[in-house]
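In the two complexes that follow, subunit A is the common piece, with subunit B as its partner first and subunit C second.
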Partner chain A sequence: MVMLCSISLMAQDNNLVVIGNQSGTPADIKMNELKAVFRGERQRWGDGTKVVIAMIKTTTPLGNEISEKIYSMNGDGVRGFWAGISFAGKFDPPNVFNTESEVETFVSQNPGAIAILDRTTTTPDVKTILVSGKKTF
Partner chain B sequence: MDEFIFLFSFKKLYLVELLILINSPVVRRQKAWISFILPVLIVLGTGGASIGQNSILQNTHIRGFIEVDASYQDKKVSFGFGEQDLFITSQLTDRFSFLGEAVFKYDSTSATEFGVSIERAIVKYNYYGNNNLLLGKQHTPINFWNDTYHHGRVFYPTIERPLLFPADFIPLHTTGIAAEGHDLGNLRFGYNLLIGNGLGSSDIANNDERVSVTAAVHIKPVENLKLGVSYYNDAISPGADVYDKIIPVKVHQQLFTGSISYFGRKFELLTEGTLALDKTDSTGTQHNWASYLYAGYRVTDKFVPYFRIDNLQYGSGEVYYTKNNTQSIILGMRYYVDPLLVLKLEYQHLNTDFQGKTYAVTFQVALGF
Partner chain C sequence: MRLNLKTKIWLTILTIVLMFSFFTFLYFPARQEEYLLKNYNNEVQNLAKTVAVGVEIAINEQNFKGIKKEIEIVKNDPRLSFVSLLEEDTVWTGKPGQFIIHDSIITSFPEKVTIPAEISSNGLLIVKRASLNTKLMNGNGAIMLGFKTAEIIQIRDRIRRVSFLVSGVVCVLAVLVGFWLSRNISKPILALREAARLVGEGDLEQRVKKSTRDEIGDLTEAFNKMVEDLGKTRSELKKANINLAATNTALKASMEDLREAQEQLLQAEKMASLGQLTAGIAHEINNPINFVSANITPLKEDLADIILILDCYDKIIEEKKLDDHFIEAKKLKEETHFGATVSEVRKLLTGIEDGARRTSEIVRGLRNFSRIDQNVFRKTNLNDCIESTLTLLHSSYKNRIEVITKYGDIPEVDCFPGQINQVLMNILSNAIQSISETGKIFINTRVTGDMVKISVKDTGTGMTEEIRKKIYDPFFTTKEVGKGTGLGLYISYGIIEKHNGKIEVFSNVGEGTEFVITIPITQQIPV
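This part shows the complex of A and B:
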């Protein structure tokens, strides 16, 4: 029973998938680079394509999980974080959506777009980006 | 699609027309309410426009701030509101963007008792990676507070800016050309180099042959920690009008600033100090010092008690600054109803050369919209 619970928790800890538009985004990214991208610390990808961040609302369970794993904050904290950056004129805030399918559609239509989901994608023009060589983190 | 804070996508010309109207002499001569109604009209009027990424023109975002205060000082209760700030960004092309910031605020010298000022108007060109060129009126990147919070009191950790700001100790804005970079390399190095009109200049022209130079660097060696230093150099001409004060003699000013900021999940620390060396032919070099220390502890996600200590010390022969040696202690608490709706309550004990010891209790509701 304890083992089953542990396995379940481990699976939950590594259930996030990074997706990106086929154009601009890398095939593999390190965890610290991923955090830097989602914190607005990187304006362009290696080929010069502008970084475009897409996120699911932080009020959703998935949004809250992303907030904790990427920003080490709760959802409100992430909103405050982006409000500060955006109001200072440092970086455009993420594009935020209600559903994962909306996130996928946006990523498929915007070169340089990157997002985090809790499932793999089959949407055309969207690829899975490995995080330090792994499909999930 | 929802925008993270909010986003109204609309036709650029509509915005330009309204901004021209707001700043026109006709409107400025009219009643104060016009200055407030127009921004509201902009927001409401554009609210009905299409929302999203697919504008036929640029994506333009309008955001804003305002705060409302209540205070008790000198046995008197007062109510008031501060600046209404409209903040506009627009992505012009893949590399060019625009940032504009206009403030509407009380001005006792205005016929309408309200004034409009352009706080920032910047065209930015992203030439490589995290490196940009900026042209226009910008906040002088001289310290963390001025470069980070600007006019957004909802983001201020305290109700008002540190006392070195109202004392005009540092130049808040510079109109000029700048190069900047951020988050470069493992130390997440950043830099700013700004050359612009010097102190005493207007927004449209330099007042003398000298330009001001601001150079700043910072690193972020660990998460949430930022260390920075900056240098500012300017020569102020005799007769120059700087912050409504006529400077009688030529002053060569150098500012050396250091900053440490740490905003973690629980603990917050921000301390900055500026050494101002003002040199004149008659008084030699005067040493002036301004500093503050802020610290807060996030008891819960929404509640942060804090304190701030300020200190202003002027040289005995100082002629550029108004010599008003000042010490202040603030004890306060901050409550987040929402990241963009913050309540603050403060007690401030102030000791100045001019007014002696005074105290005040202030409550503020600050919001971003």
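This part shows the complex of A and C:
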């Protein structure tokens, strides 16, 4: 049982995939850069395309996992984080969706859009972005 | 303190202007500011609530763009000073059961503005809070809006400027109204007061010009009417007074005439009685005097005869040398001083003759003087009248006053001789009495035209102008009490007037007095 749990946790540790619109987003990104992008610290991609963040709600298990891995805080923390940024109007807040498919659709439709899912995508115009050379993190 | 109408008008206007200024410049702007601030507070409060609700929903739904959108509701408002997201924390004070609520600002817009969480509304800012019920903040969040009041202050200042302008205009209008009121109310009333004062002093020609058509105009009209009526009444009263005075004067004159007539009647009666008495005495004396006068001449002749006979006896005795036979007679002649006795008898007879003649003159004078006048003028020789009067007065002036008469050749005049004698008696008596010791009286008669003038001038004490003016007044006298009635000259004046003549007096103190009587020779109007 302990092993199963450990395997499960391990699997959970490395099941997140970064997807991005074919246009604007890089093929590979470092973890620090990824965190900077999702914290809003980076607004433009290398080619100048505007960074567009798409997120699944932090109240979902996936959202909560992303919160912990990217923001090192729980879902409410991330919600507060973005609420504060949105309130201050410093830069564009992320686009938050209820389902992964909605996230995929959004990413496919917006150049420069980036999102984190727990699975790879087959949606056209969406590519998987390697994180420090890896498909998952 | 007494305030006149003009002052009251200006005080009223000043009070109205001050009240108006107070309300327009202070009270109403303050109320408007208060009203604006209240509305502004409500508006900001509503905005805070709106934003809070929107943000609450957006946070709960993780619609971060929605949050941005909600913030943009107020972000573009130029009045916005700040908008903050707050979280209320309950902090334990370290003492059992004691906590304080501590607000902390999560974030604000604009970010660079540092806002203390405890900030509250002040003169420059309105701060409003609205709660956020979101699980994210454990239900203790809040939106805090800070809106600037600069616009309100600007509006308030603008209102004050307009109020000041309006107050100024009202002040100018008030001054104009004040002048108008002063002109239309105060001035006419002051004019009425002045006119009333002058009317009160008796000037009934006063009229006030009617300058308005209001009650003051009516008052002016009524005043003018009143003064006019007053003038008419006074004029009528004056006429009545004049008539009354004339009646009074006439009555007085009648009374005076009556008294004068009474006095004259009394005097005439007295004089008539005196005249009758004098005439009676003169008549009674005249007979014996005539007897004496008639007998003196034969007595003198008889005496002369006797003396002639005696002289003849003396001659015979002397020629016949019969002295021895008449020794006793010769002795008696010598003892009785016969020659002196004869001389004395002659003198006595002359004296008796003179006395009888003098007595006859006096009696004649008395008879002349006491003639009782008829009601018709009689031709009379005034020189005789003067002589008769002088005869009667002789005893009062003889030996001290020299009477110098210069009778002109005057015709007989128409007169009442008794009354003329009375006048002459008065004037000559006064002339004699005015000479205290010795002096002279000049009597002169002459004809001037158809008039005869009698001048009686004395060298007496004379009289002052003041006395001269009063000498014809009844009962006026300068003599001692009981020695003069004060009616002599008064009656004389009346007598000469009755003769259509005049009596004049010229006098100076210390130089004597001259009376000049002028009467016509012929009377035109028979009495």
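What we mean here is this: the second predicted complex is superposed on the first by the 132 of 137 C-alpha atoms of A that agree within 3 Å, B and C clash if a C-alpha of one lies under 4 Å from a C-alpha of the other, contacts with A are read in each partner's own complex, and residues count from 1 in each chain.
Here, contacts are C-beta pairs under 8 Å (C-beta built on N, C-alpha and C of every residue); 3 or more make two chains touch, one makes a residue touch a chain.
Values in this document were obtained by computation on a predicted structure and should not be read as measured data.
Q: Would subunit B and subunit C fit next to each other on subunit A once aligned, or clash?
A: By the criteria stated at the top, subunit C and subunit B clash after superposition.
Q: Using the touch definition from the top, say if A:42 reaches subunit B (first), subunit C (second), both or neither.
A: In the superposition, A:42 contacts subunit B only.
Q: So, does A:61 touch the first partner subunit B, the second partner subunit C, both, or neither?
A: Neither partner.
Q: Per the overlay, which chain contacts more subunit A residues, subunit B or subunit C?
A: Touching more of subunit A: B.
Q: Which of the two partners, first being subunit B and second being subunit C, lies in contact with A:72: first, second, both, or neither?
A: first
Q: Please indicate which partner A:82 is in contact with in the superposed arrangement: first for subunit B, second for subunit C, both, or neither.
A: both
Q: Looking at A:110 after the superposition, I want to know if it touches subunit B, subunit C, both of them or none. Which is it: first, second, both, neither?
A: First partner only, subunit B.
Q: Once the structures are superposed on A, label A:95 by its partner contacts, choosing first (subunit B), second (subunit C), both or neither.
A: A:95: touches subunit B and subunit C.
Q: Just name the clashing stretch of subunit C against subunit B, choosing from 23-31, 41-49, 167-175 or 509-517.
A: Residues of subunit C that run into subunit B: 41-49.
Q: Under the contact definition given at the top, report the residues of subunit A touching subunit B in one complex and subunit C in the other.
A: In subunit A, residues 55, 57, 76, 79-80, 82-84, 86-90, 92-96 are touched by subunit B and also by subunit C.
Q: Within their complex, state which residues of subunit A touch subunit C.
A: 55, 57-59, 76, 79-80, 82-90, 92-96
Q: What residues of subunit B sit close enough to touch subunit A in their complex?
A: Touching subunit A: residues 1-5, 53, 61, 63, 65, 87, 89, 91, 94, 99, 120, 122, 126, 128-130, 147-150, 152, 154-155, 182-183, 188, 223, 265, 301, 336, 338-340, 368 of subunit B.
Q: Give every residue of subunit C touching subunit A within the complex, in rising order.
A: So the residues of subunit C touching subunit A come out as 55, 58-59, 61-65, 67-68, 71-72, 75, 83, 85, 106-109, 111, 135-137.
Q: What does subunit A use to touch subunit B in their complex?
A: Its residues touching subunit B are 36, 41-44, 50, 55, 57, 72-74, 76-77, 79-80, 82-84, 86-90, 92-98, 102, 106, 110.
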